[in-house]
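Should a chain be cited, it is by its letter among A, B, C, D and E, assigned in written order, with residues numbered from 1 in that chain.
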Amino acid sequence: MENAWLIPLFPLLSFLLLLLIGKRLREASAYVGILLTLASLVFSILVLFERFSEPTYMAKVNWLTIGEVHLTAGFEVNQLNALMLFIVSLVSFLVHTYSKGYMQGDERFHVFYAYLGLFTFAMLGLVISPNILQTYIFWELVGVGSFLLIGFYFYKEEAKAAAKKAFIMTRIGDVGLFIGMILLFWQTQSFEYSEIFKAVEAGSVSNTMITLTAILIFIGAIGKSGQFPLHTWLPDAMEGPTPVSALIHAATMVAAGVYLVAALFPLFLASKTALLTVAVIGGFTAIFAASIGLVQTDIKRVLAYSTVSQLGYMMLALGCGGYVAGVFHLMTHAFFKALLFLAAGSVIHAVHTQNIEEMGGLWKKLKLTAPLFLIGTLAISGVPGLSGFFSKDEILVAAWEGGHPVLFLLALIAAFMTAFYMFRLFFMVFTGDARSEQRDVNESPSVMTLPMVLLGILAVVAGYINTPWFGSFLGDWLVDGNPILGAAHIEGPAWIMIAATVVSLAGILFAYFIYGKRSIAPDWLSGKGDMLHTVVSNKYYIDEFYQMTVVAIVTGFSYFLRLIDTFLVEGIVKGVVGFVQGLGRTGAKMQSGQVQTYGAVAFLGLAVLAVIYALTGGYLR
Amino acid sequence: MSLETFQQLNWSIMTPEFIILGVIAVLVLCDLFMPKTLDRKILGWVGIAAVFAAMAATAAMVGGPVQSILHDTFRIDSFSLAFKLLLLCGGVLVLFLAVSYEPKDGVERYQAEFYYLFLAALLGAMVMTSSGDLITLYIGLELLSITSYILAGIRKFHLQSNESAMKYVINGGISTAITLFGMSYVYGLTGTTNLLEMANKLVTLANSNHVYLLTLAFLMLVVGLAFKLAAAPFHMWAPDVYQGAPTPVTAFLSVVSKIAGFVILIRILLTVFGFAATKGQGSMPILYDMQNYLAVIAAATMIIGNVVALRQTDIKRMFAYSSIAHAGYLLVALTSLTTNMFDSIWFYLLAYLLMNLGAFAIIQVITEKAGGTAIADFAGLYRRAPVLAVAMGILLISLAGFPGTAGFIGKLNIFLGAFYAEPAHYVLASIMIATTVVSYFYYFGVMTQMFFRPPADDSKLNIPFGILVVLIVAVVGSILLGIMPNIAFDFMQNNLDIIGDFFK
Amino acid sequence: MSSVPASAFLALALILFCIGLYGALTKRNTVIVLISIELMLNAVNINLVTFSKYGVSPSINGQVFALFAMAVAAAEAAVGLAILMALYRNKKTVHIDEMNEMKH
Amino acid sequence: MNLQSILSILVFSPLLGIIVLAMLPKTQEKAIKAVGFLATLPPLILSFAVYAHFLAGKSLSDFSVSVPWIQFHGINAQEPIFSVSYELAVSGFQLVLVVLTSVVSTLAAIGAVTFIKKEWKGYFMLFLLLVTGMLGVFTAENLILFFIFFEVTLIPTFFLIGKWGYFEKEKAAYSFLIYNGLGSAVLLIVIMILFAKTGTTNIELLKEIVGDPSGPLSADFKLGLFIALLVAFGVKLPIFPLHSWMLRVHVQAPPSVVMIHSGILLKIGAYGLIRFGMGIFPNQFEKLATLIAILGLINLLYGAFLAFIQTDFKMVLAYSSISHMGIVLIGLAAMNEAGIQGAIFQVVSHGLISALLFFLVGVLYERTETSLIDNLGGLAKGMPLAAGFLLAGALGSLGLPGMSGFVSEFMAFLGLFKVQPWIAAVGTIGIIMTAAYLLRAVLGMTYGRAHREFDGVLDLRGVELVPVVVLMLLIVLIGVYPSVLSSPLQATLETIMLGLGG
Amino acid sequence: MTFSGEFFAFMALALVAIIGGVLLLNLNKVVHMVVALIFTFVSIAGIYILLSAEFVAAVQVLIYSGAITIIMLFGIMLTKPYDESEATTGKWRKILVFLGVLGFAFAVYLGIYHLDIQQVPTTLHEDNTLQIGKALYSKYIIPFEFVSVLLLVALIGAIILAKREDKEGDKE
């Protein structure tokens, strides 16, 4: 565990190597990336297993001195961190492998791998940070990795816009984190998580301050995890290559928000208001995004909204005090959503389109991808037996037991919607007839399918490490030594599980009738002119709203300042210059060449001085 | 006065004046008897030699005791020595310019006159430095003025030169009358023409009526002498005269004549009005009472000079305004009336002498070549003659008062005095600094022409020997005094005690 | 003593000075301008001579000063006129307001 | 070699280059370029030597030199109190800036080889004079000497802008001259008043005299002087509304000059505020801290918002400089270690980043003859290296962790949040805006579709890579391991804090 | 103040002097102006006599009424003045100058009017010329000598400036 700090450095090395010599390596770049992430993965697994038996390990060195204050850098391996290390390095490794096939032939192949390396480095760094400052540092770097990868196809205007949007939207959230972090520092005199928790526990921080900082930090999480109202970047981020979507926008980075809240959970626990905020935002986002997901036609966008929705779920869990539930879902979601994205990538790879209305009947053509996609879909829909079922159940229980029946209801509806739109997706893509000409549709190479298989397995089995039936191994481990984080497993009424199952099956059936059997006309869901449909398919006009308010205000204000700059600032300068020049002009004009004028001026000067003296200082004194 | 007493007088203290006087006589005679065909330039070199000799004679007296003959009508003190040296320096450099002066329809026919008129003017200025008597001062002043009138008009076939001389003589006449009017009151209220006696009498002055009249006389003197300084309100002649006069004469007017103006102004103001009490013995002297008036004049001078210079397209006119501005700066030092005033005025005049004469040397070369005096004639000088352009650049920078040059140290010294004085002259000094910034515009305007603009013609310029000498002295001096000003400061400090002349 | 007070002489000088000044600053003919300047100098001489007799400690110095002033004034007048001659040859005018070759 | 003479050699060694250049004929292009570049090396080597000396744990005061120089005689009887010495010294803070200066100068000299197309001789002579001036500014130990070097930087810069700049170069040169002239005029007033009232310009002595409440200066008077100082350095920094000259300069001056200008000359303002404003007038600074914080805030936001709508990338960078200098002010206004250190970090960091960005803009302009964002686009295709570094530089500028910009921004805000949380909170809008305008501009140029074909546009190559890579490495070094910068600063900070505490 | 002969003499002389001056300002023909001024100069000489300065009075007549007036007349003759044309500029200047003159005169007159100087008997009228001579040749010898230089210079200057010669004159 002492060497856990090496884990992030492997991908960094990959990044640097590829940056320097990637151009010469060409396709071989992939091996550099794959091998180095494999190294990370191996170390992560070792660390994870070590952590099962050993206590939390932490090491730090002095990073920056500010007067009396010494800011440190270091790493910490606690349960959450070890788990995240494992998840991140695993998914990253798989995506690295997958990309070898997916990105084949791209002329900037090595750049892609370099960026992946940078991102993986940042993400791994993020999850082993022992203090919030370091977390913030990697938090931003992760954002950059994401930004670079979204904008990988830089020549596409959409990619450019999406990358920019992703960076700026998340940055808005980051500023919240930034302020929260600094305020917290001045309250607790430290950035260290442990010190912060100590101070919070000791009650040396006022309640208002805790609420304020927690909410500010949560704003950071909102930005990263695409929660309402900063969610709009995430669907747009699908402009990036699909493996990227799988890695960053499904499994790891977007989950960083959840991770952050989890990592600072004691802080949130100290403020009811903050927790409630988290829960409400999470719950709302879950259903909100799911509703948009119902009508999207782009395969990746559907998945993106599903991600947003699932992240909302996790937030809801945390907000309701379900620490274990949140983290558990974070893990399972990482697996099945990565699987879904990779499978979607495989589909796109095969048919060269992302519009599901142009797909169909691919079940027979993609013999491996299709079942894997189905596994993912089943998992996310919460069909019993698969991982998603268990984690979702945990969340529902947490919400119910946490005393938020409204949120519970929202979550249930969201679960229904999830099942519905996921199977809508599945049926539209894989069943029925091909809706457009599809030539040369081939199964992806094994370098792409193998990672998917592995993820498929995990998507099925990962749930079993924390079940009400076979024991809550994960929960026990996670809260071990930290009772403050809550119970390892929340006992809920049995009907919740049944309700969840019923709801998801209902969603699946409903989708089957509409898109699979087509016994119900989908008109009301795709009907033109239907106002509700229009609103939803335009994502509730949130983008437009931002465009009209925030962007317009900023631009308008800028133009207003430009007016000030040109007229006021420059105007004053011009005025002064003009005055001096005018004075010069007058002076030069007086210099008329008339010698008597010269004498007259001189004499008048004398006369004026004399009269002034006579009247003021002299005789009449 | 018997011959005996006549011989007993210590005439040796007048050696520098005698040298110049003698050489004037020699030159007049030589000019008469030399064949017409012979080049008169040799006479110019003789003149230069004479000034050097006078300089040596003056320098030999430095550090000596105060000596005076004939009721202070001639007086050698530190003040006179310090400024006489300046005048001689200026004089010799101007003569170097004069021997290199060869414009179209210039002064070929009157070359010899040209030289000895310069010497006569210089003599007038020298007399002014070493006199403690109103009459001698007046005669010196007039010797300088009248000679200058002639010099300004010596290019008699050149309309601008005629006009310049005419304007000069008319304004000069008015200024003389005003000055003299003031002097007459000063004389009347003291009954003597000896400045020191005047001071003795006025130190107990209490009659408010007398004070009133004396103060009016003070104003008349200041305004009248402002003519010589080219300071407001008597500054307007300067641009026209400078423009029309032959370039060496312009240089002479802007430097030597101005120094002389300061000499007489300081001499009269400090000796007479610095002691003339306003309300009986021990009360505030008139000079201090009138500080605000001086300040107004100084401020007006700086503002007018710098601001109007912005509009100029003629290099000589521009330098006229610049010289007005510099007079303003010097008046700031005079206004602040601190004990380092002499040092700062002297140093500034020295710096000004170097940088202005250097600049005029280059102006002379350019205007002779171009046949006109437009600033645009400087276009592309850097291409045509890089050395000249760089030298001009350095001199302009010094005039603008940038560090590393004598002009900066000079200004620094003036500021120091202005801020040190009680009460400190914040407004005046601020005006000075602000107008200095305004001056960057026109000084750098010339730079723009020299360095940024393409030349109108690519013909090379040849630099006559005299010009070269002036340039080397000016540039080296400007930089040396900018980097090691203590050369000059220590000279003043160790050898001369001007304050003692006035206040001991 | 005198039945005419010193201030009367001084006032006369002042009036003449002002007349001279006014003339010098307003007359168009350059010769008149030069003469006006002479008048101003004359006024000064009256002052000097008056003070020589009625000043604070009277002395001959004032008269001597006046003599010097006269000599100088004469020289100045001569030079002024000579310059006018030279100018006249080139410009053919004695009108002072036409001497505006150089301005602004 | 005598340690005391090292600083003098450091400062004046570029003059040697001038002399050599003066003797070279104009036609020897290669030799001129070589000499111009080589002459920047002695300061570079020496400054690193001094830094090494510091790292070795030895005192920086070993380098202090003080030689009597000018005595202004006669002003008062007790002689000679009005004297100015030739005093050079480095503290940690100064050392950092000297190193920055020598590094950027050397890189700018390399840049000049690329960017300057004519009259290298004159260019390099002026450039080396400028280098001397800048080094002198940061090592001068008394105000007069400081002022002298300060003004020495003005003249070469004027010519460098006016002769080698772009279309409106003369206008830019003039507005540079006049604004800075006015600024230095105000500075001179302050310096001379201090000199006249206290009899010294030595900074350390002045600290004592001014700090002494029974000293020769009244409290109001000191406040007035401090405000004047703020204005003087405000022009240089520049503080709104004294900034318009700087925009012109940044757009019109040749890139290698802008590297220096934006990289170092602007920093003189910050240096002056810290060293003199804070050093000599700590109490006055404290009194006006809120005002300064607000000024900083205005700068930060004003620059950011205006940068957001510029069409010329150079203008974006120019306004971004204004914005970043706002962070310096914010940091200073915090009046605590974090804030001040943040401000100093920002000074260095912005020096490096803006040098990098302006170098890259210069290259882009060279290749495409435009710097208008709308005319460019998709450059990453033709010149991936340039585009990549541009993006990296922009990321550094917007405060990406791992690069120097973040550390400074973080500390400045950290400091201000302690004392003025509301102002700081509003200031964070600037962080968002910075990202917005920089990405808008940079992505507009490098990403997306190419708006016109750039046939045969060359990427960064050969010698051009040197400044870019070196600057990038330094930016990352400071970002990753800020102690390289913070360790020399500790002593300075302690002194400043002592002044503030007292 | 008694109405002595001296008083009447003063009044008469002063009146003539001032009238001469006023005529100078108001006459149209240049020659007339100069002639008017001769009256002023002569009466000033009279004033000098009243002030016991016989020598100065004599010199006044010689130099001003004589020499200067004559050369001025020569000047007028040589330059052929045409005074019929009206000045093109200067209406405002005249008014301003007039006001300035008034103001200046007012300020100075305030001083003169109240001037009270204790009169002391003088011996200026006794051997006036001798006294002047003594002063000139002892105390004021230096300025006296410099005046001679001045006159010499003025002489030469006047000659070279006024000498009529052809531009290309001596090149042949």
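In this text, contacts are C-beta pairs under 8 Å (C-beta built on N, C-alpha and C of every residue); 3 or more make two chains touch, one makes a residue touch a chain.
Nothing here was measured: the structure is a model prediction, and the numbers come from that model.
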Legend entry - From subunit C, the most remote chain by mean C-alpha position: A
Legend entry - Centroid-based (C-alpha) most distant chain relative to subunit E: A
Inset, instruction - Taking the mean of all protein CA atoms as the centre, name the chain whose own CA mean is closest to it. - result: D
Inset, instruction - With contacts defined as at the top, give the pair, C-E or A-D, that has more of them. - result: C-E
Legend entry - Mean-CA-position distance for subunit E and subunit D (Å): 69
Inset, instruction - Round to the nearest whole Å and give the separation of the Cα centres of subunit A and subunit C. - result: 95
Inset, instruction - Averaged over CA atoms, how far is the centre of subunit C from the centre of subunit D? Could you give it in whole Å? - result: 64
Inset, instruction - Take the average of all CA coordinates in subunit B, do the same for subunit E, and state the distance between these two points in whole angstrom. - result: 30
Legend entry - Shared interface positions of subunit A, touching two or more other chains: 588, 591-597, 599-600, 603-604, 606, 610, 613-614, 618-619
Inset, instruction - Spell out, as numbers or ranges, the residues of subunit C touching 2 or more other chains. - result: 20-21, 24-26, 33-34, 50, 55-58, 61, 64, 68, 72, 75-76, 79, 82-84, 86, 89, 96-97, 99, 101-104
Legend entry - Touching two or more other chains - residue numbers and ranges from subunit D: none
Inset, instruction - Mind listing each pair of touching chains for me? - result: A-B, A-C, A-D, A-E, B-C, B-D, B-E, C-E
Inset, instruction - Can you check the complex and tell me which residues of subunit C touch subunit E? - result: 1-12, 14-16, 18-23, 25-29, 31-32, 34-36, 38-39, 42, 45-46, 49-50, 52-58, 60-61, 63-64, 66-68, 70-79, 81-86, 88-89, 94-95, 97
Legend entry - subunit A residues within the subunit C interface of the complex: 588-589, 591-596, 599-600, 603
Inset, instruction - Please give the residue numbers of subunit D that touch subunit A in the complex, ascending. - result: 240-241, 243-244, 302, 305-306, 308-309, 336-338, 341, 378, 380-381, 395, 400-402, 406-407, 410-411, 413-414, 417-418, 421, 424-425, 428-429, 431-433, 435-436, 439-440, 443, 446-450, 481-483, 486-487, 490, 493-494, 497
Inset, instruction - Mind listing the subunit B positions that touch subunit C in their complex? - result: 134-135, 138-139, 142, 145-146, 149-150, 153, 156-160, 162-167, 169-170, 172-174, 176-177, 180-181, 183-185, 187-193, 201, 210, 239-240, 243-244, 311, 317
Legend entry - Touch list for subunit B against partner subunit E, complex: 1, 21, 24, 28, 36, 69-71, 73-74, 105, 109-110, 113, 117, 120, 123-124, 127, 133, 135-136, 138-140, 142-143, 146-147, 149-150, 153-154, 156-157, 165, 188-189, 209-210, 212-213, 216
